[in-house]
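Below are two complexes that have chain A in common, paired first with chain B and then with chain C.
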Partner chain A sequence: MERQLRFNKKTGDRLFWLLLILPALIIITTFILIPIADSVRMSFTEYKMKNILRGTPATWNHFENYAKLLRNKQFLPTIGRTFGFVVGVVLAQFLLGMIFALILNSNVRGARLIRSVMMMPWVVPTVISALIWLWIFQSQYGLFKYLVSVFSLGAVNDFGILNDTSWALVGIGIAALWKQIPLTTLLLLAGLQNVPDDMIEAATIDGAGYFTRLFKIVMPYMRSVIQVVLTMAIIENFKQFPLIWTMTGGGPSNSTTTLAIMSYREAFVSQNLGSGAAVTTIWMLLMIVVVWVFRKLMKRQEID
Partner chain B sequence: MKKLLSLVLALCLILSLASVSALAEGGKTVLKVSNYAVLESNYTKFWEDVETGFEAAYPEYDLVYVTSEYSQTPNTVITAAGAEDYCDAMFGELSWVSTLAYAFEPVNDVLTPELIGEFDATILDSCVFDGECYAIPYYVSPFILYYNKDLLAEAGVQVPTNYSELAAACEKLAQLKSPITGNAVVPFGQTTASVAISGTSLTAFIYNFGGDVLDLETGKMSIDNEGFTEALTCLKSLYDAGYMTANQKLKELRQSFANGELAMYYDQSWGFSGVSGINPDAAAFTASAPALSGGNGSGQSVLNAGVFMVSNKNGNAEGVNKFIEYVTSDEVNGHYILDIAAGWSAKTAPMEVQAVLEGATGSQGNLKAVPMIETLNDLNLELDTLAQNVTLNGMSVEDAIQAFKDSAAYQEIGE
Partner chain C sequence: MNTKSAARWAKAGKYLLLFLILLFLLFPLYWMLITSFKTNLESYMYPPTFWPKDFTTQSYISLFTENNQFFVYYKNNFIVSALVAAITLIISFMAGYALSRLHVKFNPVLVALLTASQMFPVVSRLISLYSILRTVKLINTVPGLVLAVTASQIPFCTMLMSSFFDGIPVSIEDAANVDGAGRFRTMFSIAFPLVKGGALAVGIYSFLMAWDDFLHAAILIQSDELRTLSVGISARYLGELSYDWSLVNTISIIGILPMLLLFFFFQKYMVKGLVAGAVKG
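Entry: the complex of A and B
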């Protein structure tokens, strides 16, 4: 009888647990898993905008969308450009965010005010940020061109960063950093403030210098925060679309075409949803691999 | 308290639903017209007046604008149509016809022959997609040359009529400073940024030289012609000589022109409203000229137009006819092209045009259509990349054309 009661209690607990996670499960399945599965299915079909308008179903075309992508001479350079953009921006974002967080954590005067003011770029909608930077970088009358001219003592007078195929992605990177560094700084600052003071004091008494304390005590204590910050930054920049589309539309000469831009162009400019879904699927797989590798690396460091 | 608040909210909901039903019971038929221009400050008042005027003339209809930002409009309309939420009419660009044709219907299936007969048959021909005419033109807006009279006078040059004269004029204009900002003057502007309209403008540039991009009959790619190569060679030489800035959007060129920093540039005729929106005094120094001729070309431009697409998918053909009749009436259409957006009438009966267009008179008759193909957007973006390759990227014209052919083949443009 007692056993029966225990079993029932266990089953009841399980049912209650299931009931609690059911809403989340339904939402994730409906809004994330099913759309992803549908997108992957769509990537194996010929499915264009006219299919939607005419109400005709997609037709299965096996791997044709993927085969076509591989025939595109722009595809591999686009993958390389996407990785270059992610690595460059994430590293700069982390370094600058860490420097700002350390400054704000050092009881500098007006730290609260600086913290509030520096959150402004993060609050500004991405498209608005893109338009602001577009004007700053404008090749004829932009502020950036003027500054380059002043700092080069008049040696460089016509530098339009978004007009230069070698520099355009850097220009977008600068805009991305302006937008993303505030949140990174805030998260890292929260992590810094959780590092126990007694540990720092003990290390200082033992004669540890500033950098030794930073790399041997502070950073290891912040590992979980750093992991979250970097994971968020990788994902954010991997899927960066509005900044690039608004500022350059993928040009000039495709020099800022990343996988996000290519996916949009295939799906909504070429109106080929099947082909767009193929780019998205590859893009999603690459992002999963990158985040997985990154988390493995962080885990290994933790074990070490 | 919470219960009371919930009760009040529920009552509000019931009252709003009741008021909506009352509207429906009022016997008015709702006409849904997609119109991005309502959101653009230069045009808002005009379209609001159209709404008021139409509803006053036809009280049985309730005209509702479906608005979205310009570049998002085609996708918004397609998405809604995919859910069988159709617009009765849409105001848009001629180049959108191939994209949106399936969301609307051929004009012959919706509008009366008398109404269609009021429009220029040649312009109607350029609205043909898949063998059917899918749009009614509202105004004709070809790419013409806008120039700054004061700067040309200061440089002591005449308005050029061909590209050789342009190059000679640019040499002198490049020495000037803007009287408004004091910055150096850029002599010439041709949009080449990565947006579809730049591609249309580049097609016009190629037409100036008598070149082709697509075969008019078959819609297939047709770029192995002298005019196409000459146009790109000219573009490259103007850029290499420092007479133009590459990778500029039309709105950036308008900004520079309005600030007196650009001596002349190509724009659609209605683009002048953008310039005068930035600098209301621009009318004093702005004049227009027909597109220049190059090579064996006669300075032909593309036939570009603002159009209405129509549909009877909601069973509102009668209302759609009345709306198109009202909005294209001499009074409303005439007011639009005379006071709102510089352009020429698309109707057989002539209408008065803005004074700024006087210099470009004749441009509306020297036009060539762009065949409506499904991959028109891709073509335009690839043309932008081609222009960027010969200018910013420093590629030779031959190499850039080969790269263009490769990309066009991948995109299945004109196949």
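Entry: the complex of A and C
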């Protein structure tokens, strides 16, 4: 009798579970998983916007989309640029966020107020933060041009950072940092506050200096927060689109074209969905590899 | 003496760094604010002025009277974001509860699925969704856009929700079960009040993220009267070669305002929620 009851509870739990996750499962399957699988399939076909308009089906084209990418002289530089952007922004973001969090955690006056005011850039919609920086970087009347001219003591008077092929991506990186540093700082600060004081005190008595304490005790203790922060930053910057699209559209002469920009252009500007899908498929694979390698590295640190 | 002056230098360095970082984060907002109060002529002055010479609300007036297509985008953005937040909240509340409270063998698979779903590029989904939604006649409609944006919010919000449930003791619900409360009643009237703060954080978070959406709306919406804020701004006010920068900055101010109010008003929950979600993973 009791056994019967227990079995019933278990079946009931399972049914209840299924009922609860069903809406989430349905929406994720129809709006994420199926579209992803479908776009991978498309990447092996000849499929253009006119196929949709005329209702003609996609046709297998013997890896032509991929072959075309490999022949495209812009493709490898685009991958390199994407990686450069991700590595540069993520490292700067972590470094500045960590410094900021350490300062806020060190009995600074007004830390509570600063902590709430500093979050403002994070709340600004991406397109609007692109506008703000577009205006600051404006090549004729912009504030940045003026500041460069003042601080270089008049040596550089005509610096339009977004018009310069070797600097434009840096300009976008600055805007990305502006928007992302607040959340990074907030999370790192929470991690710092979790480090028990007595551990740090013990190290101080042992005579460990500030940086020894930071690298040997505080940072290892925060490892899980650091991992989350870095993973989020890697994914976000790998996927960055609206900021680049609004600020430069990928130019000047492709110097800010990342994989996100390239796939969008192929699929929706050149209206070649199959070839756009090939770019996103490679992009996806690269991202999975990067996140996987990163997790492996963090794991190895754990063992050390 | 020597260590004392070193400590003083360290302290000065610390405050200098703090000042520089805050300047970097806050000055652009100040710059946007004062540009919106300049005449367009003054905003094109070089070297730039750090305080408006002729303080004017001309751009605000022009935004409210002539360029008021903006408010159509604004209204659409509110509708879409509110719907996304409401649906996301309900779905992720249910799924998060299931993940945290019901120990089913399939749970780790579900977590893996949610984690992976966060990584896929939006462009990749949209390439296919564009034709799928066309076939089911959901292209260029509010429901189509809302569902697509909601889907992108569900993975993170579900995991956030489940970490909130993990944070409250299960014993209270067990007691309710013993008293004979059904599963639904336990979930809604016992568990829900305990995670209200977390639910609020999830709701506001998904509202903020939906408000920020650009790509979904850029592809899935074609008619101007259905456009949302981000796409509307970049299509209408950035298209021309000669920008009216006072107007653009005014638009930015008005576009940010509701988000800032929302954030400052619910800050306590937001900060706690985001931290809880990230620290737990």
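Following the convention adopted for this analysis, the second predicted complex is superposed on the first by the 276 of 304 C-alpha atoms of A that agree within 3 Å, B and C clash if a C-alpha of one lies under 4 Å from a C-alpha of the other, contacts with A are read in each partner's own complex, and residues count from 1 in each chain.
As a convention for this text, a residue touches a chain if its C-beta (ideal position, glycine included) is under 8 Å from a C-beta of that chain, and two chains touch if they have at least 3 such contacts.
What you are looking at is a predicted structure, and each value in this text was computed from that prediction instead of being measured.
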*Touching partner for A:Arg54 - first (chain B), second (chain C), both, neither*: first
_Let me test your reading of the model: by the given contact rule, A:Arg71 touches which partner, first (chain B), second (chain C), both or neither?_
first
*So, A:Arg14: does it touch chain B (first), chain C (second), both, or neither?*
second
_Quick check on the superposed pair: does A:Ser139 touch chain B, chain C, both, or neither? Answer first, second, both or neither._
first
*asked:* Going by the contact rule set out at the top, does A:Val170 touch chain B (first), chain C (second), both, or neither?
replied: neither
*Looking at the overlay, does A:Phe268 come into contact with chain B only (first), chain C only (second), both, or neither?*
both
*Which partner, chain B or chain C, is in contact with more residues of chain A?*
C
*asked:* Just checking: does A:Gly191 make contact with chain B only, chain C only, both, or neither of them? Give me first, second, both or neither.
replied: second
*asked:* For A:Gly249, using the defined touch cut-off, is the partner it touches chain B, chain C, both, or neither? Pick first, second, both or neither.
replied: first
*Would you tell me the residues on chain A in contact with chain B in one complex that are also in contact with chain C in the other?*
52, 138, 140-141, 268
_Considering only the defined contacts, which chain C positions touch chain A in the complex?_
14-15, 17-18, 21-22, 24-26, 28-29, 31-32, 35, 43-48, 90-92, 94-95, 97-99, 102, 104, 110, 113-114, 117-132, 134, 147-148, 150-152, 154-155, 158, 183, 208, 211-212, 214-215, 219, 229-230, 233-234, 238, 245, 248-249, 251-252, 255-256, 259-260, 262-264, 267, 271, 274-275, 278-279, 281
*Show which residues of chain A lie in contact with chain C when the two form their complex.*
12-14, 16-17, 20-21, 23-25, 27-28, 30-36, 38-39, 42, 52, 96, 99-100, 103-104, 106, 108, 114, 116-121, 123-128, 131-133, 135-136, 138, 140-143, 145-146, 178, 181-183, 186-187, 190-191, 194, 224-225, 228-229, 232, 235, 239, 241-242, 245-246, 260, 263-264, 267-268, 273, 276-277, 280-281, 283-284, 287-288, 291
_Parts of chain B lying in touch with chain A, wherever the complex brings them together_ = 75, 78, 81-82, 99, 102-103, 181, 183, 186, 193-196, 245-248, 252, 255-256, 259, 261, 374-375, 377-378, 381, 384-385, 388-389, 392-393, 406-407, 410-411
_Touching residues (chain side chain A, partner chain B) in the complex_ = 49-50, 52-54, 68, 71-74, 138-141, 160, 162-165, 248-254, 265, 268-271
